[in-house]
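First the structure, in the form of structure tokens, and then the observations on it.
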Amino acid sequence: MSYSFLPDARYRMPTHFGPSLGPRQGPEGRRYDCRNTPHQVIVRAEFEAPAARLEPFMPPGFSVRRGEIHFTFSYMTEIAWLAGRGYDTFGVSVPARYAGSTDRIDGDLLLVLWENMADPITSGREELGFSKLFCDLPPLRRHEGEIMCEASWDGFRFATLRLAGLGGTPDAAAQASQGLLHYKYIPRTGAPGEADAAYVVLTPAEGGHLRVESQIAARDAFCIFHRATWEELPTLVHIVDALADVPLGRCIRASVTETRGAKDLSDQRILS
Amino acid sequence: MSYSFLPDARYRMPTHFGPSLGPRQGPEGRRYDCRNTPHQVIVRAEFEAPAARLEPFMPPGFSVRRGEIHFTFSYMTEIAWLAGRGYDTFGVSVPARYAGSTDRIDGDLLLVLWENMADPITSGREELGFSKLFCDLPPLRRHEGEIMCEASWDGFRFATLRLAGLGGTPDAAAQASQGLLHYKYIPRTGAPGEADAAYVVLTPAEGGHLRVESQIAARDAFCIFHRATWEELPTLVHIVDALADVPLGRCIRASVTETRGAKDLSDQRILS
Amino acid sequence: MSYSFLPDARYRMPTHFGPSLGPRQGPEGRRYDCRNTPHQVIVRAEFEAPAARLEPFMPPGFSVRRGEIHFTFSYMTEIAWLAGRGYDTFGVSVPARYAGSTDRIDGDLLLVLWENMADPITSGREELGFSKLFCDLPPLRRHEGEIMCEASWDGFRFATLRLAGLGGTPDAAAQASQGLLHYKYIPRTGAPGEADAAYVVLTPAEGGHLRVESQIAARDAFCIFHRATWEELPTLVHIVDALADVPLGRCIRASVTETRGAKDLSDQRILS
Amino acid sequence: MSYSFLPDARYRMPTHFGPSLGPRQGPEGRRYDCRNTPHQVIVRAEFEAPAARLEPFMPPGFSVRRGEIHFTFSYMTEIAWLAGRGYDTFGVSVPARYAGSTDRIDGDLLLVLWENMADPITSGREELGFSKLFCDLPPLRRHEGEIMCEASWDGFRFATLRLAGLGGTPDAAAQASQGLLHYKYIPRTGAPGEADAAYVVLTPAEGGHLRVESQIAARDAFCIFHRATWEELPTLVHIVDALADVPLGRCIRASVTETRGAKDLSDQRILS
């Protein structure tokens, strides 16, 4: 006698062992309130960049909202759905507008989000439509008043973000964003060019329990992507080289922020 | 000006940087012939198990074909699409029949396939519908005439396979299988219980360039799954405990096989 | 023309490339003042244990001072001699007295100090005489008001320390100790049973810049060593099993402490 | 009652738990015969280099024998004293003569031996006097007829060796060597510039059970050391930069060799 799917439960492959465990569903369907955890150290820098060089990254229905590119490293600990473990992320986004048949959103398009743990990559891609990929993210380095964040894959360091001149409070926040925008795409098996899913998704800005515990500005920031060969980065070279080709202008804003609390992203919704 | 999707090209998230790189598509759309690579050391053991204990793992349309469960560790090197790197896998399968509205296949249902590298997990889940998950797979250990394969997650060793009494040639192959069967399931974002994809997929047995370079039988094999707490395996506990609950009978057949060649699995097809 | 050794410089193998780099000697002989770094999160628990079970761990000239055994995990970041990187340690010590021909010290004998980085293991063993060994130390886990520290080797988790009931300030410090005691032993090459060095060393308690930034007591603590087979821990089994055999009494004191500052341990001295 | 040292037993720190476990001493003092294990894949390339640039690496009593520098990567599996586990090494050596008061040996001076496992680094340094240091050594890559070996530390790739044009049998062996030469140096605690041990050691060429199972020559080889900053390689920069400064001439000989068997190096002896 084969199994049936429980209604309204969250499943991911393999479905053969019942509903999945993950950020939005724990044992016995338990939810995580994210009221006081995770703890995050967020290192972020925003740079000017020519809008014309960012337009080619916009999926159908999207346009560049401001000529800027944002780099964000987050070092997370005390994650409840991982029983207190942590993992780290490195995201690249661009202020963008989505104008669909119904929705019109001024948000930020997530170009790519690297993470150093496979489990949240799978749940984030499939349940949420986040463009998550794997890389190694060593712990943040602090040395002689500077902060250094690094990303590598199989020993090839493809990106570094350095913050210098730490001190003082950051300027008032950047212009408001309605949330993080994604283009969810799942290929159809055995049919190159066809998709099981191809739609736009929004992570609304509001909601959740994120609270800032401390924040410090950086006077300057430096972000470098290192061009690679296919041999060095056989799964990432086209992404890393494309980002290396974006000329960065001045650093608009850079900071290190410690936060607690979050949301489980179950409010993720499809736009049309 | 936003980008358009190239027709017939393979894409995975992020789609913003053009067609993806992976096992079935290299730079400039290059394919990999898999004629002489990868190299694999395959450690495999098949056990009797009560069909009634395996039926609950069968998705809709499936039934147990024989009361058996198979464990396969593969240690791969010289993988062309990874520019000569390698990775390892640990799969669990059950001889099963799929009877759909059109197709009727006597194959093996892949219950789960653990891999120790994130990149092929993503492409395999999304392009192929393989039930791939991450775990650590240390190198195979050979010591005093025995072979030991192990799987762990964050330092918790959840499965071991030990082969003893190595020597001689394996018996004639097991009964024929038409291929590996999968249930591809991708959840729909923001809609628990709904799916972007939920269909059966076949990896046909035929085709490809796999050739055996050497094979040696084992007189006996021992496979143990270690029950875990949610704290120890917060994403895998329901799978590992379910497999630990399957009573294993005698070992039908166990062997270590060295092979070269494979196929790129672009012949994966949807059943109905 | 061969090289000569610079007088008063610190060397370790290989000596062929000039003076070594390490905690007590940077580029151009630079020293590290350790005034504000490293940052440490120190998780410590002290237990009663029968003195008779601890005596067999005492080297010649040593005796147990109190029937206690102490477990200390330290998670270090911002280490100056590593250019801002970090590493972690897990130490086991016993209050002990050394009575030599000249010196008489009431301190704590370091039974073993596991570290998860090879470089400080080498410099610590050879320059200082610390009984350092390698193991994996995953990041500290905090979950539902508890703290979990773990140590493993090649996927075998051999020790865990759990602190529960966190809150309040720790009791006044334990009885004073004059420092950490070590037995430095370096075997003579090609002569089993003979030694290049076999002497007692003291890390004096005083000196340095360690300052407590926060401290919180735990109501209770639980430390478990897991007995292993030689196959599981081929280099550590005799140590882990011996520690697993020590019956732990009540937890005397347990705490989590955040500190900044340290010393470079160049005041390490040989006792006689 | 403190412990005593057992006569003729091998000890390393910590000595508090009895004789050590390692390559030359197993449980109950067991020895490993190394008759059929470990298995090694050895990738080796020898280059011409100006003797004048190698002389500064010679310790007192040594001189360059031939203007050559040799790079050897070894990928080891089935190591008996590790219960069948493996680890990898990357060594750099120079043909050298040691002329002491008694001994005169034409051998090869081991400038440095990197290994990717901490346990054999400790036993090899202290028991044998090998100049072992830690680095990451990913698995050997084979791709499109070439072989690539790499060494990195914390994500900084500091050396690569590439063999091209594989095929045919290597030329007759290089000129004979009486063994591998080492300068063992252990600093005295608390006394910069003083040593507990500073003597020359020989690994005799003869003895042991190493047998070649297959060997293939390479038409050419390329070895590159990448200069680093202190921030990138805070413990290795002086070594890597010095090796990067050695101008390499033509490749004299390069090969890939598979072997079985070894010796436990208990015949290591002090020269004078």
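Labels for the chains are A, B, C and D, by order of writing; each one numbers its residues from 1.
Quick note on the criterion: a contact is a pair of C-beta atoms (placed from the backbone, for glycine too) under 8 Å apart; a residue touches a chain by one contact, two chains touch by 3 or more.
Just so it is clear, the model here is predicted, and its values are computed rather than measured.
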| item | value |
| --- | --- |
| Chains in simultaneous contact with chain A and chain C | B, D |
| Which of C-D and B-C has more C-beta contact pairs | C-D |
| Taking each chain's C-alpha mean as its centre, the one farthest from chain D | A |
| Superposing rotation of chain A relative to chain B, computed on C-alpha atoms, to nearest 5° | 180 |
| Whole-Å gap between the CA centroids of chain C and chain D | 29 |
| For chain B paired with chain D, centre-to-centre distance based on mean C-alpha positions, whole Å | 39 |
| Intercentroid distance (Cα basis), chain C paired with chain B, Å | 43 |
| Junction residues of chain C - those touching two or more other chains | 83-85, 138, 143, 154, 231 |
| Residue ranges of chain D in contact with chain A within the complex | 136, 138, 143, 150, 152, 154-157, 231 |
| Chain D contact footprint on chain B (complex, rising order) | 37, 77-78, 80, 83-86, 138-144, 148 |
| Residues of chain B defined as touching chain A within the complex | 1-18, 21-22, 24, 26-27, 55-63, 81-85, 109-112, 118-119, 121-122, 125-134, 154, 183-190, 192-193, 195-197, 199, 201, 230-232, 234-239, 242, 266-270 |
